[in-house]
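The following pair of complexes shares a single chain, chain A, combined with chain B in the former and chain C in the latter.
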Partner chain A sequence: MDTILGIPAVALYGQLVLGLINGSFYALLSLGLAVIFGMMNVINFTHGAQFMMGAFVAWMLLAWAGLGYWWALFLAPLIVGATGVVIERLMIARLYRLDHLYGLLLTFGLALIIEGVFRNAFGSSGLPYRIPAELRGATDLGFMFLPNYRAWVIVASVVVCLATWFVIERTKLGAYLRAATERPELVQAFGVNVPRMITLTYGFGVALAAFAGVLAAPIYSVNPNMGSSLIIVVFAVVVIGGMGSIAGSIVTGFGLGLIEGLTKVFWPEASNTVIFVIMAIVLLLRPAGLFGRA
Partner chain B sequence: MAAAGEAIAAPAGAGLSAPRSQVIAFAAMLALIGLGPFLLYPVFLMKVLCFALFASAFNLLIGFVGLLSFGHAAYFGMGSYVSAHAAKVWGLTPELAILAGAAVAAALGTAFGWLAIRRSGIYFAMITLALAQMVFFFCLQAPFTGGEDGIQAMPRGHLLGLVALADDMTLYWVVAAIFLAGFLFLYRVVHSPFGQVLKAIRENERRAVSLGYRVDDYKLIAFVLSATLSGVAGGTKAIVFQLATLTDVNWPMSGEAVLMALVGGIGTIFGPPVGALVIITMQNELAQLGAWVTVVQGAIFVACVLAFRRGIVGEIQALIGRPL
Partner chain C sequence: MPKTPLRLARRTLIGSAAALPLVTPLRGPRAQAATTIRIGVLTDLSSLYTDLSGSGSVLGARMAVEDFNPAAKGFNVEIVSADHQNRADVGSTTARAWYDRDGVDAIVDVPNSSVVLAVNQITREKNKVMIVSSGATTDLTGPQCSPNSVHWTYDTFSQPAGTARAMVAGGGDTWFFITADYAFGHSLEANTERFVLASGGRVLGKVRHPFPGTDFSSFLLQAQSSRAKVIGLCNAGGDFINSVKQAGEFGITRRGQKLAGMLVFITDVHGLGLETAQGLTLTTAFYHDRTDACRAFTERFHPRNRGIRPTMAHAGVYGGVLHYLKAVEAVGVAAAKADGAAVVAAMKRLPTDDPLFGQGEIRPDGRKIHPMYLYEVKAPAESRGPWDYLKLVREIPAADAWRPLADGNCPLVRT
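The block that comes next holds the complex of A and B.
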């Protein structure tokens, strides 16, 4: 059997794929956080709960409406994104004139409410969600067997991340968005409806989280706590990358997922904490983050 | 952030003594602490006092420096674990066990504060939260914490090796003394020249820098003080319940400190203890509702942020126009 640095090659590749999967979720979630933060200056603490909602909506669509994975992939982000729009209009919009920390506290409270409601309704043990028939099985790559679903998660999140990057950095809509981030009053004076843009941006960021949740549903069991521990890691990812750059948060997300996967191979005990340690080191060397502007 | 209640300064000419409104409030608090155990279950009151100290320590940062730490569970939990370990395994007397917990919390606060004050605002909150989560994973894996079981059946021991604390009433007076000492210390810090500089940093950091203050040093000292007192609160809680668990060090505990300060009134002296009393009472009353407690706490967060940003004591302060 092949080994690399004393580790069986197959185990190493397996962990690298798992690392990329986690990296996909980090990238999608930190991307959503960065988009929301850029527009609203609010750190969306509800993001983890909205990721969890995405997975639950997928489960509900299947169990209650008989709509399968592919429908869920499309509908769950829409539904959860719509709840995000309501939350933004009813609550977050009232806080823009205040200190940004209030937005953090509000969304933290919302996360507690959402997670508590789901825990009451579905318990904490988790619900199974099957991999769609088209993506079952594995492909022999010669050096390892790659489960098809895992390959799909990585490809889907890379495509969505790149599409988001393209829209924001290379289209007219994205140009409006970036302009409104810098000088909202000026953009408004040019006749762009900035408040509506902010609302839709929040909805879009939330939809990204829900999309990640649907992708995650067949991998992890669907349970009310799946978002809360993830979101804290994603905060660390955001601190490491800095929220100034869209491409930066994508690269940082995937990169840190890989590093975490490698740590799991070589030093399993440290795999839970490695991202936080990297955050501490980045704070020492480059406080604004790898891609951030000071 | 704390500006909610800050329109009210101490009346001019108040001199060295505390404003009368605060003296009256303090007397009322003393009376409540003195009469409380004869009316209510002492263990419940001890829990309130521990969390009142925890929330007051947290409030030093958010209320008087303007730094929102979302990771105070780390100091509370480590204080709790280290005190429990010191009392149970090393056989230290309770006051030394609490001091050991406070010392570890202080060391942790120095390291984390030094890292976190490099950023401010939202980033500061995220960094402190992430660092605290690291402590949580450490406690989950380290052998001395007992993992999921925690440290159970730690002895309450004898104060100074002399006074047995097994009796709830005896322990109550000790806990009350610890709380009052911490509370008065924080009061002194906030109203010292040092505390005035902290408030200057909160109001306008750049101006404080231009006036020649080494802002980072002030922030770090405030951070360490806050972490240390959180450790004292955690250690005292461990002695009361003879228990240290992962709950003490997990992120919802950080959220509770925030919630108590917010409900009571961020940036007020008496707000956090009032908030602790309200939240612990609510948890006790709603305990049989299970996971709904989280929902209620979340709803209180949302309601406070949207409509009640001054908190209970902040509102009273605004009503009477005197500092509390």
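The block that comes next holds the complex of A and C.
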């Protein structure tokens, strides 16, 4: 029967929807990275581990405290965000005056340690996490059978991305934040507590990763490697979108999800590579990224 | 001012992303002693095959040494282990360092067929011993067979020999393959396809996914639109778990298509949960609840392995190391250290006998022969307690479970 080439249009729609779902995760994760980089100039390699922690906290809340998915969606970002605040205060804050490379090495090391600890404690086969009862089942769209939960992932991701963009680009708080990045001394002179703001920004970026982790828990198995396989792709997304660009990371996240989805149909073996090929091309033509300011 | 650090950061970022997977393997211990046999467990300690092999394989090797009690026979045995990260280059480097520098005499376990084939060459070149338990490719006892290697637990022939035949006999005569894109997946797919065609079935399509993968929904949707009755999953460990979970989510099984996992471990069933895994058919060489001896082994094993019950890969490491040590005793420690091929020849000469696999033999091509078992995953209501997951469908006699000696094109057999 016809599969790869000459694929029927209806099957293609299905693949595009799947691409959007993956894009939702890319967008959420790259958004967190962009916030952290844009506001703090820190390349947060711990992001994948924090995504994984979000999923694990969701699992722990259910298994140990009996708190279900909706609680997890709210509490896991808070808990993981709080660990982020501790990490920022105790470690990252000491590195701001040094080259970026040190922040990168520190967060990379932390990621390895966190993943190792979880692997030791929970193994690598992953833990089952069930889709919440309200979102079970699926809707027949005619061209595909879309699980309700996946539709929810797209909606939740779009809402959170837009809200974040709005807060940073369109509110007074966002204006303070952006000002603190450009001229910290001046903003401090106006009586704004800049170090605390930066700490909270890091916590927020981490919370975004944890939020994505909770969203991912019912779809992928909750296992210690779930972040490390995503994070490289997400870094590529950030580079393509333009480092630190909020809107860029959102648009690129969804866009690359779509492109990857199509690649899985036409040339599945290349679906791991296609994003990096695009990254290479973008870097050659627009070194600052699609949405970056050169 | 803000521009320069920005550009620098991006460059650093890309560079370090490229360097991310480069983490050096653990170093084994040093000095060699003439009366010490050193066994290296080369395995996956950090990724998707960790639970099915990993530290459980190291424990399997240790328990074999404890049960063999080499001190009473006048020699010592040391176990070392390393993580090959599922990469043939890391596996090869570790194998060379172990053989050349650390005095390792035998490498055991070795999940990931790509690593198996790489280490197979090195083992032969250095005249050491490799006993594969987790790796699956039949090439190891086929075109690439070696007088220094033994393939213990299962292979890409024995797995479909049980599951694919049973599925086709049960009416699943049209297939679509979702295959891990590396040596293991290709080999498993080719063997499965052979069984499907030979039993009168047809293959409607196939798709190869990057290894390791996370999102399989796209491939599952392609399988769904093929309308094949059976979706053959030629992948393993975390890839298999995610495929099955996502197939459930997209309602593939509810619409009448059946999933056939070609290589399924008890840890996969555990990771999926019975709710999702129930009804799956699987072929295995070992199930911890099959016999009294298996149960006794399991009771000693799981408290030392974070409660995880032994998989067939762990059992195979135990059986393989036990038999290896018997062969070392037969040829003498000094001779065993000097000539790996002599030890493997002795392993083939001696009949195998251990509590987990029973009596068997090792064929001239290095294939260990024992019966396989076809199991079905229980429904949640049928399970009587933790890790009570499988019910026996039937035993697959050794004569049907393994590729006939003459069909493998192993040069050792032709001459």
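To be clear about the criterion, the second predicted complex is superposed on the first by the 282 of 294 C-alpha atoms of A that agree within 3 Å, B and C clash if a C-alpha of one lies under 4 Å from a C-alpha of the other, contacts with A are read in each partner's own complex, and residues count from 1 in each chain.
Simple rule for what comes next: a contact is a pair of C-beta atoms (placed from the backbone, for glycine too) under 8 Å apart; a residue touches a chain by one contact, two chains touch by 3 or more.
Note that this is a predicted model, so its numbers are computed, not measured.
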Following superposition onto chain A, is the placement of chain B relative to chain C best described as a clash or a fit?
clash
Under the stated touch criterion, which partner chain does A:104 make contact with: chain B (first), chain C (second), both, or neither?
both
Partner chain in contact with A:183 - chain B first, chain C second, else both or neither:
neither
Report for A:239: first if it touches chain B alone, second if chain C alone, otherwise both or neither.
both
Looking at A:43 after the superposition, I want to know if it touches chain B, chain C, both of them or none. Which is it: first, second, both, neither?
both
Name the contact category of A:112: first (chain B only), second (chain C only), both, or neither.
both
Name the chain, either chain B or chain C, that contacts more residues of chain A.
C
Looking at A:95, would you say it contacts chain B, chain C, both, or neither? Reply first, second, both or neither.
first
Using the superposition on chain A described above, determine whether A:284 touches chain B (first), chain C (second), both, or neither.
first
Chain B versus chain C as contact partner of A:268, first or second or both or neither
second
With the two complexes overlaid, spot the stretch of chain B among 27-35, 99-107, 171-179 or 243-251 whose C-alpha atoms clash with chain C.
243-251
So chain A touches chain B in one structure and chain C in the other; where do those two contact lists coincide?
37, 41, 43, 99-101, 104-105, 108, 112, 116, 119, 229, 232, 235-236, 239, 269, 272, 283, 287
Write out the stretch or stretches of chain A touching chain C in their complex.
1, 3-4, 8, 11, 14-15, 18-19, 21-22, 37, 41, 43, 45, 99-101, 104-105, 108, 112, 116, 119, 123-128, 130-131, 138, 144-145, 147, 149-150, 182, 219-221, 223, 225-226, 229-230, 232, 235-236, 239, 243-244, 261, 264-265, 268-269, 271-272, 283, 287
So in the complex, the part of chain C that touches chain A is made up of which residues?
2, 5-10, 12-14, 16-17, 20, 23, 46-52, 54, 181, 204-205, 207-210, 212, 214-215, 217-219, 221-222, 224-227, 237-238, 241-242, 245-246, 249-251, 255, 267-268, 270-273, 275-276, 306, 308
Within the complex, which stretch of chain A touches chain B?
37, 41, 43, 91, 94-95, 98-102, 104-106, 108-117, 119-120, 228-229, 232-233, 235-236, 238-239, 269, 272-273, 276-277, 279-280, 283-284, 287
Chain B - residues contacting chain A, complex:
1, 3, 68, 70, 115-116, 118-119, 121-123, 125-127, 129-131, 133-134, 137-138, 140-141, 251, 255, 258, 262, 290-295, 297-302, 304-306, 309
